[in-house]
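Handing you a structure now.
As written, the chain order gives the labels A, B, C and D, with residue 1 at the start of each chain.
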């Protein structure tokens, strides 16, 4: 059943896939000291933007370059594209300086989606590390807006320090919901933090889900994901019910440039969301 | 999109598109002239910088008349003979991807005006081009690049435009180069499909002429304008003998049985480290390879910042930047970069595109400045399993 | 006493422990409760107790004179707190403090050590469980040290 | 359109032939644009008009060869927001780093009648051995295109495109036939960083290594191949001891073949 979710997405193949469309920055949110969210709308009006949770866009900064950034908005809000980005490279640093009204180039959406349909009728555990929460947020939005279709829903989220927590207000609101378990942990904390301290995998053993009937969606640094899979495995979650989102260098996002190869897979078109079984053979090997 | 041309002519052989014909050496020039008259830039082999490369030609006089090549690991030499042969050589340092999947193309230009900017692809329309002298391995290479750049959910419009405007005149090999191994890859030396016309140069008892096969309707139209006679059975036999010579000369081979599985099993084979001690990660193998399709993007701006461009350039999995993500490169050691390349060519390519990514042209062996031989490396990795399994006993 | 025995037997840490051994352990156990903010242990003090947390949350801290306490880890429902009582010189390495109202079973280390010396089978069962906890903690610590999200 | 204050650029010279500064002057077509985009605040080679520091960008040419320069470079660093070294002298010690393999006093005695007045260091060293360098532009001389690209990139807030891969990449993209394989000419291309546009091989000459070692250079493999081609140890040493003689990878390889 689960194979359905990782079919490749076909955006609009008749358009020149290398040519971005211009979008306008509608809103800028500074999430943390190095992370920001942009809300974008098509600069010339036009069609609704539609995407599936887990997909990404190529964002082009005039004269600077292009980067793959996952979509982190609500898939049911068709009039706006939301991207949460960490300012770590040349392009993203320039992107962090964009203001409301500025233009940005967008190509996409590309790639595979989280298995939100396959997970219907199951418990869902979403495990995110750091900026990895961004690509998982659309899946969470989708699940919460179809809440009755799912069993227990758990969000486990780990970051570096309390000041690195993304979407803090959203998380606080979600926490008060009775139909969702949210557990946040940080690697290190000082001062007033009264929450959990420790790696996100520490949260797995006690999280309230039925491992025999759970779909896990995981995104974060590769090491974190490897240990998360171990933790889920210990808990008894079937390996084929675990999904990961991978990151590799990308220039084109449509399978032409070759950079994102991961063994036989192209992360851009076969991923970024993979069933664990697809990537298992290569995930623990070095320099694949 | 007329890219299905390649597929439609895939059954092209001696009989499927009419009987083979023959014409004289002089009529080759008529063919070139006719093509030029029809608006094609005719591109064929020429001698340049002591090698046979591809460039525009205006007559058969531009061809490497009398030149033959001698190739081995890291060595390529040309010599001129008295015999006025036109195609008595094999593939050189360049491949046709130079004209289909170009080394450098501008994929986008953007103009800035205040805070606004507009982008356009600004691709000039492709001109018609006719390739003369495409070898069987190269036909396969073009078919492979077709699958990569045209066969997926997305189509590379730049490649598609060039490809659609390309007419292919193949030439069957009459000899095997020192580094060729197409026979074992099932990609030659006979041109079987993917061409519009295919020539075999025949030199027997003072008789110097071409046998011509037609591989497409377009080829038939072009041929119709030429004074070519229907080939006799003995002409066909003569052509067969020419190609058989090439097959028999071929000194190298790759055993492709279970190759993918072997490579996947051997990601940690010590041979990769051994190769790394010899490999300079200079990227020559990937850039001479007619199927390697990887590209990088370079963004440029003018000093005022009012104009920006994006250029797509040939790239190689041997560079550090190729696998760079935030935090560093994935493949930092040259051994794993070589492993990536070889495993892709002979293993994962099959998973991705349904065939090997190698056509046995041998360019990577000739043009590796230190002469690393893929056939030897693949054999070493295959044999290392036999040693482990005890099938190869040590000589003592 | 009966409820105490039930708490011990039901705590995940002692899952699979024989009834005989549970009885021996209960002999060293007592119920404790800490209010939010209440200090449990201090680094440098003698370590004679470990806790099976039943409910609540405890921060394990180390104090940096200039920047105050740094939380290394938090433990909660079903977790175990403290193993300094296992090894000489039986001194606490870290501070621990209840973050929320915390109910736990305190186990007297001296008492347990004596019982383990007398009954090596009990000692083996107990050490097996602590070894697993230590393995998990060291793995987590390594991941924390890697600063994965940098 | 550009905002009020233009970035201030300074050009500094240390031990060098001035060739890299000439590359800047040689940007005839681009110079007007450059002047439009930045204030050239200190560039003795071009103008006597000197504006005071601090400077937004300093281009530093030349290597450190005297005690005085070893001091002066710190002053330059203090006045510069961004310090970019240009050319083989500044990035690797230059051709004058050949002195690092011999006795500089002896050299001086051949050239000067009163070498005792000469105050010089034993070694010619790159700028990065003395102060923090923000960006290095390789080459002997630097490529005009790369210089314009670097200035343009910094003005536009992007990363300059100066790839650290081999010269072979440039040869292959421009369609140059490999001189090593087709002519048997020893060539430094496979271990040398791209950037020049692969000029020498296009004139049927082997690459001289002007842009210094590429990323992960396997100089040993190249030297082995040269030996197989009949090049002597002396020839190998001389090839690696060119304009980038003191760049780490080239230095080590040359030392390995010293007899």
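Simple rule for what comes next: contacts are C-beta pairs under 8 Å (C-beta built on N, C-alpha and C of every residue); 3 or more make two chains touch, one makes a residue touch a chain.
None of the values given here were measured: they were computed from a predicted structure.
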* Which chain is in the middle, if each chain's centre is the mean of its C-alpha atoms? -> A
* **Which of A-D and A-C has more C-beta contact pairs** => A-C
* Asked: How many Å are there between the centre of chain B and the centre of chain D, using C-alpha atoms for each centre?
  -> 37
* **Geometric centre distance via CA averages, chain D-chain A, whole Å** => 44
* Mind checking the centre-to-centre distance between chain C and chain D? Centres are C-alpha means, answer in whole Å. => 62
* Asked: By residue number and range, which residues of chain C touch two or more other chains?
  -> 150
* Asked: By residue number and range, which residues of chain D touch two or more other chains?
  -> 156, 158
* For chain B, which residues are shared contacts with two or more other chains? -> 299-301, 305, 321, 332
* Note which residues of chain A are touching chain D in the complex, please. => 63-65, 90-91, 93-94
* Which bits of chain D are touching chain A when the two form their complex? -> 156-159
* chain B residues within the chain D interface of the complex -> 48-51, 53, 74-78, 92-94, 98, 103-104, 114, 276-284, 287-288, 298-306, 313-314, 316, 318-321, 332, 334, 366-367, 369-371
* Structure fact -> Listed in rising order, the residues of chain A that touch chain C in the complex are 129-131, 158-160, 164, 185, 187-191, 193-199, 201-202, 206, 220-221, 223-224, 227
* Structure fact -> Per the touch rule above, chain B residues touching chain A in the complex are 107-108, 110, 112, 115-121, 148-149, 152-158, 264, 267-268, 293-297, 299-301, 305, 308, 310, 312, 315, 317, 321-326, 330-333, 336, 340, 344, 347-348, 351-352
